[in-house]
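Below is one structure, written out as structure tokens, with a few remarks after it.
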Amino acid sequence: MPDPVVLKSGAEPWGAKPRRALSRRNIVLYGTLLVAALYYLLPLYVMIVTSLKGMPEIRLGNIFSPPVEITFEPWAKAWATACTGLNCDGLSRGFWNSVRITVPSTLISILVASVNGYALANWRFKGAEVFFTILIVGAFIPYQVMIYPIVIVLREMGIYGTLTGLVIVHTIFGMPILTLLFRNYFASLPEELFKAARIDGAGFWQIYGRIMLPMSMPIFVVAMILQITGIWNDFLFGVVFTRPDTYPMTVQLNNIVNSVQGVKEYNVNMAATLLTGAVPLIVYFVSGRLFVRGIAAGAVKG
Amino acid sequence: MTGQPHAGRPSQLLRNLNAKIASIPMILTAVVIFLGGTIWTVVYSFTNSKLLPRAKFVGFDQYERLWAAPRWIVSIENLAIYGLFTLVFSLVIGFVLAALMDQKIRFENTFRTIFLYPFALSFIVTGLVWQWILNPEFGVQSVVRALGWESFAFDPLYNSKIVIYGVLIAGLWQGTGLVMCLLLAGLRGIDEDIWKAARVDGIPMWRTYLFIVIPMMRPVFITTLVIIASGIVKVYDLVVAQTSGGPGISSEVPAKYVYDYMFLAQNLGQGFAASTMMLVTVAIIIVPWAYLEFGGRKRA
Amino acid sequence: MQHSVSIRDLSLSFGSVSVLKDLNLDIGEGEFLVLLGSSGCGKSTLLNCIAGLLEPTGGQIFIRDRNVTWEEPKDRGIGMVFQSYALYPQMTVEKNLSFGLKVAGMAKAEIDKRVARAAEILQIGPLLKRKPSALSGGQRQRVAIGRALVRDVDVFLFDEPLSNLDAKLRSELRVEIKRLHQSLKNTMIYVTHDQIEALTLADRIAIMKSGVIQQLADPNTIYNMPRNMFVAGFIGSPSMNFLHGEIVERGGRPAFATNGVDFSLDGYAAGEALQPGRKVVLGVRPEHVKVDEDGAEEAHRATVDIEEPMGADNLLWLKHAGHSMSVRVGGARRFAPGTAVRLSFDMGLASLFDAGTEERI
Amino acid sequence: MKIRSMAAVLAASVLLPLGAANATDLEVTHWWTSGGEAAAVAELAKAFDATGNKWVDGAIAGSGGTARPIMISRITGGDPMGATQFNHGRQAEELVEAGLMRDLTDVATREHWKDVIKPASLLDSCTIDGKIYCAPVNIHSWQWLWLSNAAFEKAGVAVPKNWDEFVAAAPALEKAGIVPLAVGGQAWQASGAFDVLMLALAGKDTFYKVFKDKDADMAAGPEMAKVFKAADDARRMSKGTNVQDWNQATNMVITGKAGGQIMGDWAQGEFALAGQVAGKDYSCLPGLGVTDVIATGGDAFYFPLLKDEEKSKAQEVLASTLLAPATQVAFNLKKGSLPVRGDVDLAAANDCMKKGLDILAKGNVIEWTDQLLSADTQKQKEDLFSEFFANPSLTPEDAQKRFAEIIASAD
């Protein structure tokens, strides 16, 4: 791209082109990025600031002003004492339930989807494309529509209301996008590697476990991030397919946020929101770089 | 020649047996849940099922009622507006951000994290936060008014005419980061030499992007499109959290219609008819494309 | 006779696209066969079929007289080397070499022995503990060959193994592969699009086009007696000069006439009678064109258009009777552009093709 | 405090003969999560725990819309809870017909529900094919206009005595920067407010003609046009209510930001929680001060059929606990609703509740839309009126036409 810095007439071009940190290009570039960054950060800022204010201050002040008096009361309340109905133990109970739901669901859905993607990319068999097409179309079906059929299926299998049932549901609904990602990723790996492994006598599972899996960390990270956030944030399945003693954190969040006790306690709501979002947020902040790298591997080719 | 034929071609069914066994979960999901569930839904959309599915067929009654319902029409219009703008804006904004990020900038990691983090938050959270920021009493409007611009009016969530754009703002906030990420990854996959060639040829940057780079990024655009489009059709939580479909019915969306009629109105037949219409629309657009994209031979 | 690999009526199509058509091929024990052709000719497809990586639509494949058409690759007694080396990136060289043996459940001691032997043959002993990413291209390809070596198989398959290497490494490894073949005496099937590799390595070359073997013969025959114009044009660089003309009779003997100029066909061993009037194409390799500076009658005079000195020899581009023609002469003989020369052909080494069928006469 | 402990003792003594001494966990799902509601549920739980069993609370916030699908899914999915709240009326009809719900006739007979439950229509709503399937716990009436005394004082007008005065006072309120009528954004609030207007202004006969007999001509007639005109007024007066939840709208009345709200008697729980006193801080006009009739909607508990015998026993215990006089008193005082038993003494009732009790005693009761209409028709009505209240360009005439269509196809 031509540098828009125009040299004064008479200046003889010689040697390295003068570079100014504040070239017009840079101003436009960083300016745009900063404005965009502000838009993206604004809600987070509002959430944090609000969660640190007391209710009187919220009622009076504007939402963007920093707290005059910082209080952690709302956080404590959201975590430990906020009530839904008769249960006044805040989000704390839901946290561990969410962990118990998210860990197996994430692992199993990724395992299943990665094997699917691998089979589709490397062991194409007749009809596989048809199933895959159905799967992709399935990604467009609103979850709510599927609740009834799934209730029936789980009931017939006798696992309605169990953790197994919920894990299966998450596996099912994670499958379309994850399978697409894994399939694209495995298809982008050099096919000759797969051939070499077959010549070496490795079978379906051996090639998957010994050759493909170790080469696929980037896409596994992506899948992991997508699933952890998706499952952690899920409300619908969590509430329909579990019981109150195993409700995930989002159900508690909904209960806290939606059970208005007279005045909406915005500070507690925001603290609860941040607490609920903390796990996926931390996952993103920690592994954002890997995410992009993995996306590059799984989505670009195909 | 020693050419006695081989002991017989192994059964076609047993070939790639392990691959087939491994695909059983996928096949079951595709056939039983997605296909079976869909067929089940379609069949029961022709019944007058109320709270529980019952096979009492009433022909097209549910559909007639559906298309006569003003709320359904509003839902469809909203989805069209929301879908179109989401598609356009998330691709445009996502691409512009990705292109900016691709200029070998400093603090790339920081910027990327900032753009991406909303994706970690659920639609429920997104809806709540934006409901609050857009609340005229203490959100943006009141802040601007407090700064002295008394007549400033910005209350998308309480104005029937523009409420869907209020939802759009929140939806874009949540989703464009991922689009940016996908497209950035796509840009990184473009051969450096392309840029050199374009530069030597004196092709302006925007032209290089528009006519050379973007066409080269077809695969990543397709993945992105699948992700965005599937999100659009399914938009539900965001509306529920942000506006509950209001004011009135002005921000209703089809998925919410389906849910409300299935569970609130306890009229499964009506809900199924609405979901069938959604599925049919999706199928008309997606199936031919998906089959071309994924069904054809990929590697000859 | 014992064949190492036999292919019977092999065909393969993807949908409506036919890649291999009723292909037959017998490869002898210990033979080095090169499959040569431009990309898309089906040579790699054929190799993949032999390896069992692609399923043929029809026909049979025998390895050591055993019908392996439906066997798994690992059960066919083959080893394969790929263009991209296909080394498992997360494994060390040693693990790469031993992976197949471990999968087969071989005893540890035997694995170590074989790996050590392969490492010695290929001189990659010092690299055993490294990961592929820490190796140069040449080293990687040695490891890839080693991986086939440890399997102790009857047949080695090479799929363009040298194409990703630079020219110097390529010629080094070429020699090494030849040496390997001489010492191991295994059957080797080698796919390439590089005619030099084909000519230098092969016992026999199979030239393929559109899924059909055009000619299967030793390199000398291929080079000197190409069966058709495709083979003739494909082999040799710069490629053979083709002159379109017809058979005429001069003094009771057949001659070749083009644009009113005659060339005697004395010395050409025709496979069939040369009927006057038959439309033919005369093919002469650049080194079989003779040029003399001592003037000539109008008809056989050509002018030097461009001279390309190449060190060992000198390539001339001549203009003659409306044709352009390349000539290879000794490096010492220099011609300034515009020089007039006398043109003649070494008919004993020329080829004559039917203009219609393009088959050798 | 006294009442509560008394309730426990009473409940225990009533139940002792049933021999349900073993502690059994019973999960009870409901959507009572607002401040007043939660306090009321606590009374139920306390009474049940006092019987030696354990109330496992399964509250799901977000009103019936979020909770009901979950409850239905769990019942049909074969993982039912011990008991669940429904609005009695037609919501659970099909679950009963599908044989998923438990027949409570035995308990009802033993405890003489038929004699004690007043008005009898409440039990009728629980009765399908002569069997009783639910335990009503309270009477909720929608027909109230809640007024902020402070707001009218600020606007300098007298607190209105009926709807017309209220409409007349609206301009003064507006001038004082007060929203005359708070209507929350949730669809059921708009629809409910309309039903209340209709009953008050058009009278009981018209109400029944339209909703019970599904008389579409009546729905399209001049009598109803009057109601739609009033609804148009209400719409105008509600402009500026930027809240969603009903209790936030109530809160506007409590804080004097709004002049009034048409809302059921459950709003009283919010006033009580805010420490406001009926008659002093706020006023209430049953039947909008026009028609002294209240409806007998309300909540009821349903008991899914369980395999576990222990739990089945506990269900019976819970059913009778819910209707025990002490529980009724404690619960309804907190909830702001009226007890379903005619034989309990609500001495602690406030002004507004007393007004309600009076009307009840006079027998001026009416079945409410929950009982008269299917959920489906209700939803269609909600869609219409939430649109009507939010969209000023929808004329009363057009709205009436659509209303008539809904009634014509109602079931």
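Letters A, B, C and D name the chains as they come in the text, with residue numbers starting at 1 for each one.
As a convention for this text, a contact is a pair of C-beta atoms (placed from the backbone, for glycine too) under 8 Å apart; a residue touches a chain by one contact, two chains touch by 3 or more.
Listed by chain with UniProt protein names: A, B = Glucose/mannose transport system permease protein; C = Multiple sugar transport system ATP-binding protein; D = Probable sugar-binding periplasmic protein.
All values derive from a computational prediction rather than experimental measurement.
**Q** Counting C-beta pairs in contact, does A-B beat A-D or the other way around?
**A** Looking at A-B and A-D side by side, A-B shows more C-beta contacts.
**Q** Of all chains present, which has the mean Cα position farthest from that of chain D?
**A** Chain centre farthest from chain D's centre: C.
**Q** Taking each chain's centre as the mean of its CA atoms, how far is chain A from chain B in angstrom?
**A** Result: the chain centres lie 15 Å from each other.
**Q** Distance from the CA centroid of chain C to that of chain D, rounded to the nearest Å?
**A** 90
**Q** How many Å are there between the centre of chain A and the centre of chain D, using C-alpha atoms for each centre?
**A** Spacing between the chain centres: roughly 40 Å.
**Q** How many angstrom lie between the centres of chain A and chain C, each centre taken as the mean Cα position?
**A** Centres of chain A and chain C (C-alpha means) sit 54 Å apart.
**Q** For chain A, what residues touch not just one other chain but two or more?
**A** In chain A, 147, 254, 257 touch at least two other chains.
**Q** On chain D, where are the residues touching two or more other chains?
**A** 69, 76
**Q** List the residues on chain D that touch chain A in their complex, please.
**A** Spelled out, the residues of chain D in touch with chain A are 27, 29-30, 32-35, 38, 41-42, 45, 55-63, 66, 69-70, 73-74, 76-79, 81, 245, 247-248, 251, 254, 270, 273-274.
**Q** Inside the complex, what are the residues of chain B that reach chain D?
**A** Its residues touching chain D are 50-52, 65, 69-71, 135-137, 155, 158, 160, 243-250, 259-267, 270.
**Q** Taking the complex as given, what residues does chain A use to touch chain B?
**A** Residues 1, 29-30, 32-33, 36-37, 39-44, 46-47, 50, 58, 62-64, 112, 115-116, 118-120, 123, 125-126, 128-150, 153, 171-172, 175-177, 179-181, 184, 187, 191, 203-205, 229, 233-236, 250, 253-254, 257, 266, 269-270, 273, 276-277, 280-281, 283-285, 288-289, 291-293, 295-296, 299-302 of chain A touch chain B in their complex.
**Q** Touching chain C in the complex: which residues of chain A?
**A** 190, 192-193, 195-202, 206, 210-211, 214-215
**Q** Across the complex, what residues on chain C touch chain A?
**A** My answer: residues 48, 51-53, 72-74, 78-80, 82-90, 99-100, 103-104, 144, 147-148, 151, 159.
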